[in-house]
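What follows is chain A paired twice: with chain B in the first complex and chain C in the second.
What follows is the complex of A and B.
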């Protein structure tokens, strides 16, 4: 039953909000607090909770509504509940739009949680789609700038991506053994085609180069909580899907596409990296940087695809997914705060904020440093592991293979992110105060709660990444009182060879 | 009990209503429609709960057979006809305006009993197992449609639609008869059973057979609105009265697929013809998907958009037909009925209150009637195939059939078509929510429309979660 809470509570809250419009914020806070607690509890006890089938939706092909926890989904769920709470707490809703604003956040949260907890491909896909509708609507109704065109573009990109993905998943079902995510397997001759569909489908959702151009404008235009949830949580669905579906269904197919994937991810890291350097607005810069950092996670996936014995790759990818999710959500949150205080996000119209708002500067600096990969923060652990995974099992007598070369080039990306992040930080916080920043006051305690929560998560995971890695690699943590048989509690995320 | 008695009852009901209208016409012409709806509901209940003998009487054995498939398509026809009658009640205002000078209902009597004849045609068609009886019942359907489409005789659009439908319909009938003749020449049989037997005959002259079959497939393509026979659909739907457009879009399409299943099943089952038939159907499906969806992008009239969307849906259903997955075809048709009637009910009431079918009258609907806007949003999302709505299941099954049997380009056409659908359905959602309304007047839902729309919207969501109850009802 506990597994249902992260999905049902936000859904019920969203429904109630339509009726009780005045209480929307209280309802949302209560619901996200409940999911936060449940998420923590499930994370701690994830290895004790097996898959639970609630009921059968369809007999032939067999589709069931079943939820379950694996190490990876435990980490993703934790990410999701953290960001949901932060988004709900920190967002400033325009007057009179409370019902739409808060119910959208709740629907996105329900969809994301549902997707991460589902153990059946049908619901895995459906819950993600459920989360996309409120994303489009909020961008279109409540967004900034050229919101209609941007929401439109995003809709088309993601709809096409989802359908390609659906075709890939259906092929996996057709040639494999059905919708059950615990028993996905496909004959090797069909894998190349399936892997291509999955990479393009999931890749579009994760903004893999060259299907990335929707992402930065969408995040810049979306209301801050939606940008936080989509870039922080929902986008990780694609990576999560590649990891738990792609590698189970088509390990050989993924291997076939490694060279292509390497080129594309370098597009993310280098091409989009340089695009990011050139941004003049903070929100576009953050949006592009989030696209760029997807490249690192794809690098871990490519390393895994090229050599399935690379045991570091999965924890590396998941750790970085978590770290990036938190750090980008925190950045969008603080950028929104800056915009509210200064009424602008143009980098050349900002400056000297550090004097006026030191705690804002500290927190934004922390998020920026995390995103660059400063040791001690979670992103460093993730990125370092990603680079290690590229060289794991490397036989130096054979020279550098394409994965190793790509890893070496990708490290240049760290320099690129340092350049744009530090420059953004300098332009915003250092130097002389600009007209827009002169009257700014420092953060109210209320505004500190959400970023502090995320900063704590970054620090804790950064200082002790084993906390997550142990979950991901599925070490038996279950206490003796656990009644679930060991076989259901072990990890299912390791790729089948 | 013999199943054909019900078909006769429906035809008889139509005749009685006709005589009533001719010799002692009621002041309120609606009463004819109410009587028709009650009569058809009674027939529907009998159909569901009576026991029918599987053996038809000797004298009709060659033409008529009642089975699970016939039961499904008969129930489908009855439900669709009842819904059309219900929609006509709320639509009466427009109907009166375009049939008489003084906006009275004097000239609308026929509108309420002609659908009963159409329904009798559909029901007979569902049980027909001989090309001759298929042809005859199909003509009964088509001829009553000729009248219904052009019914708003003081409206140029309706007349134009009537003429277009008459000409193209007659052409398609001609093609069908010609095809039947060739098929008879090749197999010496008109009954489906005889044709099935002939297919295993080694002396069969294949080119003759395939030519005849190609003509029949074309004519089925006309009925369901599949490329290259889809051209009549947008103009006819736009011009026809909304209830009739819905009737054409749902019942006529379903009848086309019903005939398609009856006639093509033996060909799709036989090794001699399976490959060529299913390939032709897949090619038509792919082309239909691309044409229907791409052409829908540019539409600014909601009724025309629904016309193109009905072409696009036909493309999806063809995938299942080509794969020989008949129960899933029936499933898709059932969901299609729910979605399309919801859309047409909303369209009808907007037409009555705003006097326009254009998409721009939906501007700011979210402010004028939030519940209706939400309902239409759910409906459009379902039509686009959004997961957790009933529309997704149909697309899922059809895509699965395509992946199992169709060539890669058809699968890609289905994907591109599906994504395009999101574009044009969401365009309307966008108009409802993102744009400011032109007037502030509230939009009122009449009782019947409100009931039907609510029930169908709930069904869209409930069966979107699980499709099994619907599939259990389809027994073939």
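What follows is the complex of A and C.
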């Protein structure tokens, strides 16, 4: 039953919100607090939970509503509940739109949690679609700027991506053994085609180059909580999907596409990296940076595809997915705060904010440093492991292989991201105050809760990455596992609250 | 728990307490607390001197074969270096109590100073490459924060950014180097690298590439050409910071890292690596160029900054000549006397109400006798006058060059002459003669808390080589502390000193304005301008072009065209089914879902 809570609680809350419009925020907070606690409990105890089938939809082919947890989905669930709580807490809802605003957040959360917990391809895909619909609606109705056009573009783009993905999944089911995600296997001659569909489909959802250009405008236009949830959590669905579906269905197919994937991911890191350098607005800069950083996760996946014995690749990818999810959500949250305080996100109209709002500067600085991979914060551990995975089992007598070359070029991205992030930080927080920042007051405690929560997550994982890595690889962190009463286990690892 | 962990954790704790508990409200307490914590670290470092130990814990582990540990390595190299770091750190903290007394963000300053102490301790004690990289980046952060201490000033904010980015470029190579060493030797723990390399069949050419890539990290952190441009700009930070970070400790970390690395490989295995030659060249070029630039600077801190570059070039040269011990010895003596010179310049700047132009000073020796005399002692050590610390360590490097039959011996001697020339220029102009501005006329000696560190450092500037056991080096290194007049090298040094001093006397003694005018040196060979141009045209133009293509080709034509055609389709949908825009999507989704079931159920 516990497995149902992260899906049902937000769904029920969303339904209630439509009835009790003026209580929407309280309902949302309560629901996200419950999912946060449940999600955390599930994360700690994931290895004892296993798969549970609730009901059967169809007998032949066998579609069942079954949920379960692996180490990877435990990490993704933790990411999702953390960001959901932060997203619900932050952002300023326009008057009279509470029901739509908060129920959208709840629906996205329910969809994301469902997708990460599903053990059946049908529900895996459908839950993600469930989460996408409110994303489009909120951009179209509550978004900023040219919201209609952007909503259109995003919708069509992602819908097409989903269709390609659907086709890929459908073939996987057709040529394989049904919808059960624990037993996906396809004969090798079909794998190349399936892998291509999956890479393009999942890739579009993750803004793989050249299917990336929807992302930055969508995030800039979307209300902050939606941008946080989509960039932080929902986008990781595609990577999660490639990892748990793609590599199971078509390992040889993935291997076939490695050279292509390497070129595309360099497109993310280098091409989009330079696009990011040229951004003049903070929100576009953050949106593009999030596209860029997807390249690193693809790098880990490509390294794994090229050589399945690279044991570092999976923990590297998942750790970076978690870290990036938290850090980008935190950045969008704080960018939104900056915009509310200064009424602008144009980098050349900001300046000197550190003097006026030191806590804002500290928190934004932390998020920025996390995103450029400063050690001590989670992203560094992820990025470093990605690089190590690229060089794992390198046969140096053959010279540098294509994965190693790509890794080396990708490391240049570390410089690129420092260039744009420091430029953004310097223009926003350093220097003399601008007219937009003259009257700014520092953060109210209320505005600190969400970023502080995320900062704590980044720090804890960054200081001791084994907390997540052991979860991902399925090894016990210490000798005890299921025998530990849940309450004590929660206490020892609970500083996130 | 092993006591050496406290050495690492003490400054971290201090940084956290100052930043999050004391804050600007209790700034004075924060400053005392930070100083006391550093004092405690210094005491702890003394008790650990000469110990060998290596406690560690597992930080990341994946399966059986891959783990990254956070571990401390105590040996003569690291414990000696800890004395330098905490000792100079303590004196700089003391000096800062006076220098930063009235600063509006004193607590932030002391908090960041503690953060720096933490990161630097991590570099020194690291027992593996990845941990060193971790703290390597963290000193980069603390250096960024301290250079940008007065971030409202555009110049300080830009300098902080430049320092961070330039270091990142070096770290790009460093990271690749670490990956290669890990691939070749199967480990990045220093103690296991040499056995790993011995067991592998790696060609020396690959090893050379790896060494050179690791050295990239040192190029960035130790500000060697071509990445030297950040260090002079870093003088925007408060002067005590320049003394501690940008002269004595952090910038020397590159040399320390290379020494650690070469001791791990074994210096006897370095023969025949072409990378060594490159390292020597880079060190030599840096030391020569920087010395030339220093001769034409007017800002007292800039002169010292270029001098630091030049001396770091010396150390790197020694490293490249496969004599890391000589490099470390010079690092050790240089740390004390250069910290002295920087703090002395800080005292001068403080007394002259933040005047930094030496031509606006003059006659300071009479007004500030303690500062003046200690500054001259520091200068004598830097210019390698016999029996001072700098003399012995510089002789060590000359010997290394001589033994390797390297032409860089002549570079080293030439740089020594230049060093004497620009340092005595500084002394003649700033400390002798008549005061040339109101600020200089009103200057008076600084208080006890500021001159005491100067006196103690002056003691070390003379005596540091005689305290042989604290020199960070390999276990069996013995410093030479005698003068050998029968040796030809001795006379090379003496003649370099005499030539430099004579030239300085001729040109600068009693002068009121600059008699020489060499734009090439004054403008630092136009390297900064060149880089600014490269950044503008290569990076920003590239970014703009890429952005254009991304926006108009990929997004505009490819995606936009797709969107427009689907949009057209959507419009016709709407015309027929009278639905809103977004519901078209729901329809597609619904159809898709039906399709899945249809296909799987009926095919």
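Rule of thumb we're sticking to: the second predicted complex is superposed on the first by the 475 of 497 C-alpha atoms of A that agree within 3 Å, B and C clash if a C-alpha of one lies under 4 Å from a C-alpha of the other, contacts with A are read in each partner's own complex, and residues count from 1 in each chain.
Keep in mind that, in the parts below, a contact is a pair of C-beta atoms (placed from the backbone, for glycine too) under 8 Å apart; a residue touches a chain by one contact, two chains touch by 3 or more.
Just so we're clear, the structure is a prediction, and the values are computed from it rather than from any experiment.
A count of residues in chain A touched by chain B and by chain C gives the higher number to C. In the superposed pair of complexes, A:56 makes contact with chain B only, with no contact to chain C. In the superposition on chain A, A:164 contacts chain B only, with no contact to chain C.
In the superposed pair of complexes, A:369 makes contact with chain C only, with no contact to chain B. Touch criterion met: A:137 reaches chain B and chain C at once. Once the two complexes are overlaid on the shared chain, A:407 sits against chain C while remaining clear of chain B. Within the superposed three-chain model, A:81 lies out of touch with both chain B and chain C [touch as defined at top]. Of the two partner chains placed around the shared chain by superposition, neither chain B nor chain C is touched by A:347. In the superposition on the C-alpha atoms of chain A, the part of chain A touched by chain B in one complex and by chain C in the other spans residues 58, 61, 122, 125-126, 129, 133, 136-137, 140, 148, 151-152, 155-156, 159-160, 163, 166, 170, 173-174. By the touch rule above, chain A contacts chain C in their complex via residues 58, 60-61, 63, 122, 125-126, 129, 133, 136-137, 140, 148, 151-153, 155-157, 159-160, 162-163, 166, 169-170, 173-174, 179, 210, 213-214, 271-272, 274-275, 277-279, 311-312, 315, 352, 354-355, 369, 374-376, 380-381, 384-385, 387-388, 390-392, 394, 396-397, 407-408, 411-412, 414-415, 418-419, 422-423, 426, 429-432, 464-466, 469-470, 473.
Interface residues of chain B facing chain A in the complex, by the touch rule stated above, are 381, 386-388, 392, 396, 399-400, 403-404, 411, 414-416, 418-419, 422-423, 426, 429-430, 433-434, 465-468, 471. Listing the residues of chain A that touch chain B in their complex gives 55-59, 61, 122, 125-126, 129-130, 133, 136-137, 140-141, 148, 151-152, 155-156, 159-160, 163-164, 166-167, 170-171, 173-174. Those residues of chain C that touch chain A in the complex are listed here as 58-63, 65-66, 130, 133-135, 137-138, 141, 148, 151-152, 154, 157-158, 160-161, 164-165, 168-169, 171-172, 175-176, 179-180, 182-184, 201-202, 206, 539-540, 542-544, 546-547, 550-551, 554-555, 558-560, 562-563, 566-567, 570, 581-582, 585-586, 588-589, 592-593, 595-597, 599-601, 603.
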